[in-house]
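What follows is a set of structures for review.
In the two assemblies presented below, subunit A is common to both, partnered first by subunit B and then by subunit C.
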Partner chain A sequence: MLVFFGRRLLVALLVTLTVLTVSFALTRLSGDLAIAIAGPQATEQDIIIIRKAYGLDRPVVVQFVDWVVSAASGDLGRSYIYHEPVARLIKDRLPVTLTLGLTGLLIAMATAIPIGILAAMREGTLFDRGIMMIAVIGQAMPSFWLGLLLIITFGLKLGWLPISGVDEWDGYVLPGIVLAFAAIPAMMRLTRSGMVDALASDYIRTARAKGLSRASIVLKHALRNAAMPVVAVAAVQLGFMLSGSVVIESVFALHGVGYLGWESISKNDFPVVQAVVLFLAVVYIFLTLMADLLNAFLDPRLRTS
Partner chain B sequence: MSIRQIAGTLGAIIVFGVALMAIFAPLLVPHDPFAQDLNLRLVPPSFMDGGQPDHFLGTDQLGRDYFSRLIYGARISMLIGVATVITSGLIGITLGMLGGFLGGRADMVVMFIITCRLSIPLILVALAVVSLVGSSLTVVVLTLGLLLWERFAVVTRTTVMQVRTLDYVSAAWAAGCSRTHILLREILPNIVHHLVVVATLEMAIAILLEAALSFLGLGVPPPLPSWGLMISEAKDYMFFSPWVIMVPGISLFILVLGINFLGDALRDFLGATRDA
Partner chain C sequence: MSTLLDVQDLRVRFNTAAEAVRGVSVRVETGETHCLVGESGCGKSVSALAVMGLLAKGGIRTADRLEFAGQDISRLSERQMSRLRGDKIAMIFQEPMTSLNPAYTVGSQMAEVRMRHRGGSKREALDRAAALLGRVGITAPGMRLAQYPHQLSGGLRQRVMIAMALMCDPELLIADEPTTALDVTVQAQILRLLMELQRELGLAILLITHDLGIVARMAHRVSVMYAGKVVESATADSLFAAPTHPYTRGLLDCVPIPGKVARGAPLGSIPGTVPRIPLGFQGCGFRDRCAHADASCATIVPQQTRQPGHAYACRLPAGWVAEPVA
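Moving on, here comes the complex of A and B:
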């Protein structure tokens, strides 16, 4: 177990380092950052001053090492636009994105798991096939468009929920639904296939033979075994949701980390772009690491491979 | 016919229909999709109140014929879908074949590259690249192609591993065939049906992503009639004229649904797996 843990941690660190390099290289693709920061009206003199002020006149390798070293110590640089430390910008906006992600995950699990169980109990019936068909249809829905439709229907026509911002808790409902929508099909399929396997197993036959109630068999015996992969996938889905929140946050004007990233990209605020990419990547790497360890902990066979 | 067969047929009709629409766009459009007419802004579709028979799906905020823009938009979506699949397919299949066929260290490297790619926040990085390099159709295709190959790589790797120990591959080794010959002539033809199914899924994802990028203003540049860009440009008017976002949105939805239906039908028909 310890060897598995160590190896997995090493891979996670290497991946982080690679993503770090990629996100740094990304902002150097454009050629001269100083020209982009200075804006179209800048003179030759301004650009030289800016290049010096931001340390862009140093060799790229020196800049990279400098950035990595300070990033490792928690200093992600300063925003060109907000003139604040990037770490603080991200920290201020994290609660919105995290709440949104967790709301989405909660809605997704509350929908996908019961439907998956019902589909598995009625395997092969019209209900089962109908549900799977709906999953395919749902996957074809562009998320930003679904968001706009919900805004028109529930925000404007019915007036039930706010159409933007999160001054109250109910501001998270519509964006949460949109975010959940993308995760539901995968989770539902997984719950269904896990339950189909579990329901066909020997211990379920034993439970039936013992005369246990149907509810007890399905919920206590089968679900406990089918739930493990679903929990692991939920962690990974949360990672995808956090990085997918770029689109949703801008549709609903939520000022979270995704919105910050998008805003910084359109304003050429490169330290923030670098940091947000790195931050979302690290969150994803952490979540998948946790999911892997959880799986290995629950299923000893995985540790040896 | 079962539900699945009906869905598959429907999918094929939709995909080929949109493809034909894209190819013959200049012959089909009633108006120039770029011609503005500021006297005729936001005219509703002809079947709604206040519509004009001349503009079947109405006009946009600059008075451009919506139906004509929609048909030209099919070109962009199909082009993005096909070109991205080709680019990402080349990258992903090459990586997957190397990892699955060589195994050992090479496979570890391939798995590492796949893990790195999965850790990179897709939309944010795509937005950043398009913003830095400058938005154009080519840039969007290349960006998506360079980012969307991981499913190809995973499926290729797994299927190559399943196939490489089979008898006909051993027979080819015994017959003295070269590695390249075995990979391209023996293994590739026997996994290609899995890859066709991945291609449909990848095409749907690419089309949705292009729409999302264009919606955020960092995809295909205006005045090109990308469906995502049409939704983005129209969203300020959606409260008073909801059809302006319905028309391109429904088109996107139907096209992606058609591709997914076709993909599912191909999977059933070819006996391939679609999941990684």
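Moving on, here comes the complex of A and C:
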């Protein structure tokens, strides 16, 4: 178990280092940052001053090492626009994004897993085929469009739920649904196919031969084995929700990390861009690591091999 | 001796044009081993699963009689049937490697059967599980209880399956090719174990196999199956002494018996393969592979009795002798 964990952790660290490099390189590739920051009216003199002030005149390698070292110690630099530490900017907006992502994940799991199980138990019936068809349609639906549709229906026409901001908890409902919607089809299909396989397996035949109750057969014996790919995908989906909330946060005017990232891209606030990319990547890596550990808990075979 | 399981004219079909089981009648007496023999695909396993109510989706079962310990089980609901399975009737399978759930410990899988049918605490169930693991010849049962199936060998897993089947003191054990997937030495151990358990516990065993060697060692009674039907049924002694159905004779000719078959003499074989029997099929299923078939075999199959307790389904007289092939 310890070896397993150590190996996963090492891989996670390597991936983090790669992301650090890539996010650093990408911001440098988008042109001379000093010119971009100075703006179109700046003189040659301004640009030189800016270059010095932000340390952009140093060799790239020095800049990189400096960035990695300070990132490792939690200092992600200062925003050019807000004139505040980037770490604090992200920290302030994190609760909104995190709440939204978890709401989305919760809605997605609460919908996708039961429906997936039911579809598997009724494999090949009209119910099963209907559900799978809806899943395909759902997968093809762009989330900003669904967001607008929900805003118009439940926000404007019916007036049940707020359409922007999160002053109250119910502000998370509509964006949460939209985020969940993107994740539901994949989770549902995985749950279904995992359950179809599990229900057809020899150990389920054994469970039935033992006279166990239906609930125990489906929820204890089959689901545990079908859950692993679902866990892996749920982790990836949560990462996707946290980062992909860029679109949803702007549709619903939520000031989260995604919105911050989008804002800084349009304003060339590259320390923030760099940091947001890094942050989201680390979240992703962390979630994948968690999924691996959870799967090791679910499947004893992973622990020993 | 009383009849424990009485099956009359069991039929099973799936959502296809073929019938998998076309009228199987089997009686298992208390405390005896009844072997169901036949080639793969002849409907042995399906018959057993049908008796257990464990047919795969789409399987349709009918029977003139389906009684267990005098109780009609043909009309039991799935819920009522599940109360019988694992309790009075237990079953073990051919695939020890995949028949246990990889996600749970041996102990938890064994304990749940006992708790489901007899209640009681998990502690008590685990104590019983440990005792039974010891009984089936597993050393350090306490340690095994905490292990997962992937940590055990195939032979050990089959022992675990047997011990698990005994958790509620069943009256009938249905064993579907329990040793087919195991090494020969392990096979012998498992068979010996089954015989011991039978003597000790007075267990009736319905043993499904394709291996006549196993039949010779284990069986009190034998039913030979071909293409979804029992073609010959007799005590083991009577069957081996006087096999009567051409298929049974063909099967026995395929097995080398020391002292009976001359060294260097070719073994017999049955030409052709098991046919797919369509719905509404008439006559004998073996006729296309049988050297003694005539026109009447396409319409009627007479049920004959060689002696009390030895029945076969063929037009040939009991004492028929194969004519030398010209």
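Keep in mind that, in the parts below, the second predicted complex is superposed on the first by the 267 of 305 C-alpha atoms of A that agree within 3 Å, B and C clash if a C-alpha of one lies under 4 Å from a C-alpha of the other, contacts with A are read in each partner's own complex, and residues count from 1 in each chain.
The criterion applied here is as follows: a residue touches a chain if its C-beta (ideal position, glycine included) is under 8 Å from a C-beta of that chain, and two chains touch if they have at least 3 such contacts.
What you see is a predicted model; the values in this text were computed from it and never measured.
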Subunit B versus subunit C as contact partner of A:Leu26, first or second or both or neither: first
First, second, both or neither for A:Phe5, with subunit B first and subunit C second: neither
First, second, both or neither for A:Leu298, with subunit B first and subunit C second: second
First (subunit B), second (subunit C), both or neither touched by A:Phe127: neither
Which superposed partner A:Leu212 touches (first subunit B, second subunit C, both, neither): second
Partner, of subunit C and subunit B, that touches more residues belonging to subunit A: B
Which of subunit B and subunit C A:Val276 touches, first, second, both or neither: first
Which superposed partner A:Ile152 touches (first subunit B, second subunit C, both, neither): first
Complex contact set, residues of subunit C against subunit A: 52, 54, 57, 78, 81-87, 90-91, 93, 95, 98-105, 112-113, 116-117, 148, 150-151, 161, 164
Subunit A - residues contacting subunit C, complex: 123, 201-203, 205-214, 216, 221, 224-225, 298-301, 304
Interfacial residue positions of subunit B with respect to subunit A in the complex: 3-4, 7, 112, 115-116, 118-125, 127-129, 131-133, 204, 208, 211-212, 215-218, 228, 231, 235, 238-239, 242, 245, 249, 252-254, 256-257, 260-261, 264
Partner subunit B, residues of subunit A touching it in the complex: 11, 14-16, 18-19, 22-23, 26-27, 29-30, 129-130, 133, 136-137, 139-145, 148-149, 152, 156, 243-244, 246-247, 250, 258, 261-262, 265-266, 268, 273, 276-277, 280-281, 284-285, 288
